[in-house]
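Shared between the two complexes below is chain A, which pairs with chain B and chain C, respectively.
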Partner chain A sequence: MSFLKGLCHPKRMKWGAVALLGLFGLLLLLPLMPIQAIADEAPAGAPAATEGATAVEKAKDVHWKIEGIVSGPPAPKLKYPDNYGTYGTFQSRTLIWVANQQHLYFGSFVLAVPMFVLVMELVGMLQKDKRMAKKYDDLAHEFMKISLTAYSITAILGGVLIFTFLALYPGFFMYLAGIFRPVMHIYALLFILESGILYVYYYGWDRMNESAYLKWCHLSLSVLLNTVGLILMFFANTWVAFMQSPSGVDEQGRFLGNIWMAIHTPLVIPIVVHRILGNAAFGGGVVAAYAAYRLLAAKSPEEKAHYDWMSYTAMFMGVLNLIPLPFAGYWLMREVYAYRQQMGITLMGGLLAWVFIMQATMIATLFVTLNYYLWTAMGRMPGAERYYKYFKYMLLVLIVSTLTWLTPHTLVMTPAELKAMGGAQHPVVGNYGVMSAKNTAINTIITTTVLCFCIYQRANKVPTVKWARIGNLALAAIFVGAELNILFLGIYGYYIPANVRIGLSVPQVCSTLSTLFIGVTLNTMMLKNARSLGEVRWGQMSVRGAYALFLLAVAFTWTMAVMGYIRSSVRLHWHVNEIMRDASPWAFTNPIGYAGNINSMNVLIFWTMLLFVFWLGSLTDKKVPAKVKEAAPEGIVGETIPVASH
Partner chain B sequence: MMKQIVFLITLVIGFLAASQMAFAGGGATGFINAGTFALVIELGVALFVVFLAWIVKDKLKIGIPKLLQGVFIWIAAYIVFRVILQPPIPFTLLAVYMGIITIAIFLYCSIDPDSWEQFSEPIRAMLQDDTGKAKAYRYVTFTALPLLIGFGTYSKMVPKFEEPVELRTVHPAPPASINVHGEIIDLQRVLNPFRVDNEGKYLDVGKEVGDFKNNPFAEDASQYLKNVKEGGEIFFGTAGCMFCHGDNLDGKGMFAFAFNPIPANFADPGTIAQLQENFVFWRVTKGGPGVPRETFPWASAMPPWEKHLTKDEMWKVILFEYWHTEFFPRTFGS
Partner chain C sequence: MEKGKKKSIILKVGVWYVFILAVFAGYTNWLPQIRGDAPEAAVAVDVASVSVEDLKEMGAKIIFGTNDPEGALARGENPAGKGQCPLCHQFFLDQKADRCPNLIALSTENTADPEGLLKITEEQRSHKRPLTAVYDKFKTKLVSGETNSGITPHARSGGEYLIESEYCPNCFVVPGYAVKGTDDMVSPMPIINKPPIELTDTEIVAVVTFLQTRDGDMSKATAKDSWESYFGKKLGEGAKAEQAAGGAAPGSTTVALDTDTPEQIVTKMGCFACHKIPGIAVAKIGMVGPLLIEGTNAVNRIKSPEYKKAMAEGKVHATTPKDYIMESIVNPGAFIVPGFNDDMLKDFATKFTFAALSKMADYLLEQTAEKAIKEGLDRLPNEKEGSLMKSAKVQTNQNKVHVVSKEEVRDQVSMVSKGGQNHKEAL
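On to the complex of A and B.
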């Protein structure tokens, strides 16, 4: 007891919090114990069975080629209509598609928001300025409030999804449940744990703000909440990964008794990493859109200032996750090619190549919109006028890169146009349809975005450090050098074989990341104690900037829809790739137009529900955000944020 | 001084562009390859536009309203993509490019508060002012808008007899396995049996680079090169691949232009260099008739070579194609 009291001492509080966090972490291992028990069960049972009258049948894992004991029936050969349900003339596949997508949207959102909340709360706790600490804490609290309503919708949609599976695809679902039965139960139990932590975390917010020790405990709860959330997502991803690249079963689909092998499929890790980053970027986008919505609806200058700042912060956190996302996607695609060549080709060069063009359009939209938001956001920063003249050149670079990025390798044309061109490839624009051009374009787009952010950072400041001139030169050298390297490697890529060219993407990415890590760090260092040209006029964001945030969030949503469709469609006519065939009449790949319409409908449904959530959030919000400064410079009413916060 | 240099460069490039257009008009092919020349023309036009803008803005001191600037940029871009860029790009690509340009113009006009003010002011004046000029613009705009929409609807709905566009998949996905001469071949794992070193061991992709410049006819040629030589004999002799794919493997054989599209150009980094060796094996064995449904409209005239060649011969031809073009087949780990 005295030990515990000792930990409550102000000097030892942090150690107490770490200890508590460790304890919570250990608790997390408890749900995983049954998995290990099941994994151990199979080998242990083998000798016993051998001793018995019946011989044990062994088979090889379909992917890993490891021998295991057959522990389940083969994948059923489904028949239509016996093993499928229908609702009138509706396409069952479209129904399950919509149900899945909606659940995924809300699931991603409620998983991503606690990640931001954790960071916000931590940043708030580390602030020396109490005013700023409260601001971050309030922001984190408000993020959580939005998530709470969405959480119950996620659970409802999860129920809808299960019922849709049972009603329309019972044969497939029974097979999947037969293999993942224990994991599904752990999933359900973890969901209860997640709910419990969430409610304690949210409703205990004010209470646990009362002492520093309790605050650290509160933060520990946030860590726990995120950990459980990540495990939940990991489990759900394993089912998807199993459908795409099964393992843990033999060629007939018979479970080989080791659940870990069914979880550890060839594509599971890159899928999980890609999805976590994607979710975080998406979550940031949605919260930024919420703040933009509140900004547009706000009546008082204080409210406008608060939501302007909130939208910027959320957007910033979303973008932090957006930047590594293309690289994670690249890794995933490489693993897909390594797993099955035909799957990779179907995705990138074959049947689904044009859906990838849609996705490329969305990625370009995301980055261009982001730059546009930053340009318009500088309209509320005194001194930014110095940089206005550069914006159009940055836009030019972005647009030229976008044109290159979106030039397809396979052109859609009439036979007459094909003949006029003299072949399938155009002699000029054909050069922009290959990987060298694409890598150069996307790296240039990201580098320009980083440059834009650096300009934003210094828009209302003048560096006063002694080495400002050298620093500026170094900064220019980093950006110019990086871009020259990107361009040079892009052009050089045309003169070398494909397998060597793939390797060039690494130094190109390194150049881009150098501008991000070294450039932004250098810029931040230069702005220490910088002379201010005036505080940011939070709340005076232009309406166009607020709408840009909406576009950003909708683009995130649409990108998720289209990528989800691609990932699902690449299985072609298989429920479980090469193991369990889809015998329903909907086992075909939809035309691009139909897929685009359903994706758009999904986005529309999601945003309609989300606007309802936003509206609910505004109903409960009677508390006016803390007004910090009554009269900002130049008579502008609103909050002023210190240099370090933006 | 700098301005004079820009002026001179613009003049030179403009001259080159004009001469190339004259060559094209006369049916000549130009003195450097079409792709490079088209790029030079694009750069020339871009520089010329910048130069013109500088003259107008800084020298003649003529301020062009933002709205009008947008219109000019749109028209200039259309001329570049529709007229100057040759051979003409398909309409679908033109639509994508012009869509992006339209968005870019809006972003340009609203990029900062001053630009937005300049851009939106005439529109606001047209909508709100009570002057006779504003009213006249209003009448014109609100008469033209429904007419334009009506014309668009009419153009969309009127029956047309044009060829439909084709979304042809150039590299369709291969099946997991194929049956060749009664043997099931796993396309995911199969390796070229003739990619071997002198000891008969599999030669990892990339290690053959030392033999790229060596003579396959030399007496001391490596086993790999001997196999390449046999592949070449099949390419030029037994199978006669060169009649379509060309003796430089560039897809311009003597029969090539009887087909639409012309045969694959192996020397282009976008064909065999992008593919695994077993993919090429599948395409050679099954030919045009063996491509899957997704490659509709099956625009490939290549025969299924399994009906004419042995498996070994087909593998050797593939080995030869990579050696001759000095490309490596794509690999994805072990």
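On to the complex of A and C.
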């Protein structure tokens, strides 16, 4: 006891922090114990079985074709209503859909926010200007406060989800639980660990701000928090990936004793990467919307400035993850095609093709809204007037690209219309419904967005580096060259076979990525010690800009819903693809309209609950007005703040 | 004042959110609505008693999901049945699918094919394939059996080659159509008798028959004999053994039999997925088709102007309620109840014995609005006749003097069931 008290002494506090961190580190190893136990059991069990003569049965992994010892029963052949439950006349599938989506929304939010907080806290610690360091630190702290209540709701929704599974899909859930039993325990342990770290991290914030050493320890806690969060998400994703592309079981669905093989399914890695990026983009959108609301409701100019800056920073973090998202999507689709060609075709050219049109609409909405926000945001940057004249051309490019991006391959028409047009494919517009045009369109949209961001970076600045002229020329060459290459490859694609054409997407993406990485880096280098044309007038963001952020946030949320629907629907009438059939009356795939209605309802429920979370957060503000006043940044109105883009 | 401002902002933001969500949902409802049903259960077929023409027709249905694929193509659809073949194979000039070898077979001269290359049918190609050096290469490499199917390439004729390629797509891959990076050794095609396609042996024979007889020459159909010579056993033996063992494989035969009870028929045919039916425990939640209280509905439907119009057009023929029910089952597209879509499966004619169909019709005729109300079942909002519960309540309000008793409800329902016109007036 006295030892613990000693560790709390200010002089020995750092040792206390190290001990605490060490303890958390050891706790992280705990979940690995069951895996080790399984590994130990396997060889021990095998000889025993062999001694028992014919007891051991071996079978081949359904995907990896590696032989393993049969360690579980076959996937049950479910029957309705024996293996399914219902609540009145509600579609059980819709109920589980809503429960799943709500848990996923909150789970994504509470996993994404700590990522931002980690970056914010680190940026703050690296600031030389103490005032700015405090500002970043306060921002990170506020982010964390928002997610704290959401964390409890996530846990509650997780419970609701499990109960819904047990009540409505007991047969399926028991099978999945049978295979992932050891990992599910790890999941639960990690959740407890995550909670512990989160509370120490949040409630120890002020205390650990007292010394530089403790602050670094605090940051380490953030790293731990994120690590545990990512592992949690990874596990949840492995179950989803198993349902879509199972491995670790034989053709009958019998578990082959190696949990790693059930985790390491053919699609798990791209799904995990895609989801991490998606969650981060979504988290950014949610925080940006929160800050936009606070901006509109702010009473004082200081408050307005703070929330304007916060909304911009959150939006920026979200977009950082949005940009690579389509590429991660391409990768996932490529892997889907490699896994099962007909699954890919069902997605892109079959039953779910119209859902992909909707998903394309959402992506276009995100990028166009983002550009609009940046144009509006430049209204508070002196010197940005120089670039206003280019906006209309950028808008034109975005509109043309968006229309191309959304043009369907074939149109559904009445017989009379069909006859008049001579086919389902329009003789002119139909040409823009093919992959060549679509790849060109989305790459052009992203390139335009990157260009818009570069303009935003330099809106109130004039480069002073000696090589400014050459730099500008190089920058122009990068953007023009990239776009020309994208266009050329797009047109070239019309003249070559499909299997060759698909390869053109790689150089097109490379062109876009060069503008992103080389262009933005070059632009940033040119703006070093740049002459300022005036300070950013934080807080003077137009109301329309704030509403654009709301649209961005809703679009992020809706996109997540529609893409989740696509991923889940592609299993068609299978609970576990090709292993366990869905025998319920809801084994059909709903028309897109129904999915759209449920998605909108899910998004509305989520944001209504989030409103409750924000309201709870605002209650804390009211309780400690004096403290907030003390901590509030002083005189930030009209000052240049080195945010991520400057 | 501040509180008022905050409330106003929350309200405005809320309206903005709802507007955006309504636009997104509205857009999805505006797009074409396609429902993807689970594949139909396999039809019980005794191959020995089926003509080649019927097998070919069955094959076409499995491949395209319709017997008129060209018509579907003209309507802008990409017809694909449970076999899903047209997703990757091109069968017609107007169809776009170039991931796997084309299976076009033009029966007449075509300007798009001046050299006549597209006239070579898969049946003609199939005879040459087992004789090629490439096939020998596969034979050598897969001598101990192909990994996924366990089959060693051993086709000796065109028919056997076609059968083999369904059960073991990796036993021979047409050069240029393999998965990239596999040295032309791995096919992207799934094994057709396994999930997710899971065709039965008979269905595969039907598909091969279709491929062999595309040019109209039925004498080329050797699929059944080729199957038996390739596997060295009689077609259907495995399935019989499985049935005898009591194990019903997924996709196995599902036919409503004379001995089945109405509940068994409803369960077998999956009627409960779309319809609510009084007296059937599993059929309490269907929301796609009308509430099946045909003791009340059928007589009104026959008298309805919509049905009379369809009859005048020669689409329907029922004159009695029972005939109407039987017609609705075997020819569901002939008359669509107003407010509904033509969503019902079209193959029940091949899944019912006559006695089972008659039994089911009799059972449905016994189901009335009264029985539905007793079980708490109501019509769907899109049923023109309106809610049963609501009509009972309206009647209650009109007779405010006393609370309506159960017997009175029964009487009202009985009155409603006796005549459509009276029913409408009551509403």
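Methods note: the second predicted complex is superposed on the first by the 583 of 646 C-alpha atoms of A that agree within 3 Å, B and C clash if a C-alpha of one lies under 4 Å from a C-alpha of the other, contacts with A are read in each partner's own complex, and residues count from 1 in each chain.
Quick note on the criterion: a contact is a pair of C-beta atoms (placed from the backbone, for glycine too) under 8 Å apart; a residue touches a chain by one contact, two chains touch by 3 or more.
All values reported here derive from a predicted model rather than from experimental measurement.
Visitor: Clash or fit: chain B against chain C, after overlaying the two structures on chain A?
Guide: In the superposition, chain B runs into chain C.
Visitor: Identify the partner contact of A:R340: answer first if only chain B is touched, second if only chain C is, both if each is, neither if none is.
Guide: A:R340 contacts both chain B and chain C.
Visitor: Based on the superposed arrangement, let me know which partner A:D582 touches: chain B (first), chain C (second), both, or neither?
Guide: The second partner, chain C, only.
Visitor: May I ask you to decide whether A:S568 touches chain B, chain C, both, or neither, giving the answer as first, second, both or neither?
Guide: neither
Visitor: For A:W375, using the defined touch cut-off, is the partner it touches chain B, chain C, both, or neither? Pick first, second, both or neither.
Guide: So A:W375 only meets chain B here.
Visitor: Just checking: does A:V429 make contact with chain B only, chain C only, both, or neither of them? Give me first, second, both or neither.
Guide: first
Visitor: Please work out whether A:L395 is in contact with chain B alone, chain C alone, both, or neither, and reply first, second, both or neither.
Guide: A:L395 contacts chain B only, not chain C.
Visitor: Applying the document's definition of touch, where does A:S514 land relative to chain B and chain C: first, second, both, or neither?
Guide: neither
Visitor: Give one of first, second, both or neither to describe whether A:G593 is in contact with chain B, with chain C, with both, or with none.
Guide: In the superposition, A:G593 touches chain C alone.
Visitor: Between chain B (first) and chain C (second), which, if any, makes contact with A:K77: first, second, both or neither?
Guide: second
Visitor: From the options 37-45, 109-117, 343-351 or 397-405, pick the one stretch of chain C whose C-alpha atoms clash with chain B.
Guide: The answer is stretch 109-117.
Visitor: In the superposed arrangement, what residues of chain A touch both chain B and chain C?
Guide: 338, 340-342, 345-346, 349-351, 354, 410-413, 415, 418, 423-424, 497-499, 578, 589, 592
Visitor: Per the contact definition, I'd like the list of chain C residues that touch chain A in the complex.
Guide: Going by the criterion above, the answer is residues 2, 5-6, 9-10, 13, 16-18, 20-22, 24-29, 31-39, 74-78, 80, 84, 87-88, 94, 98-99, 147-148, 179, 188-190, 194-196, 250, 270, 272-274, 281-282, 284-287.
Visitor: Spell out the part of chain B that touches chain A in their complex, as residue ranges.
Guide: Chain B reaches chain A through residues 33-35, 38-39, 42, 85, 87-93, 96-97, 100-101, 103-104, 107-108, 110-114, 116, 162-176, 187-188, 205-206, 251, 260-262, 265, 268-270, 273-274, 276, 278-279, 294, 326-333.
Visitor: Going by the contact rule set out above, which residues of chain A touch chain B in the complex?
Guide: 334, 337-338, 340-346, 349-351, 353-354, 368, 372, 375-376, 378-379, 388, 391-392, 395, 399, 402-403, 406-431, 433-434, 494, 497-501, 542, 544, 578, 589, 592
Visitor: Which of the residues in chain A end up touching chain C in this complex?
Guide: 60, 65, 77, 80-81, 86, 88-91, 251, 293, 296-297, 299, 338, 340-342, 345-346, 349-351, 354, 357-358, 361-362, 410-413, 415, 418, 423-424, 497-499, 547, 550-551, 554-555, 558, 569, 572-574, 577-579, 581-582, 585-593, 595-597, 599-600, 603-604, 607, 611
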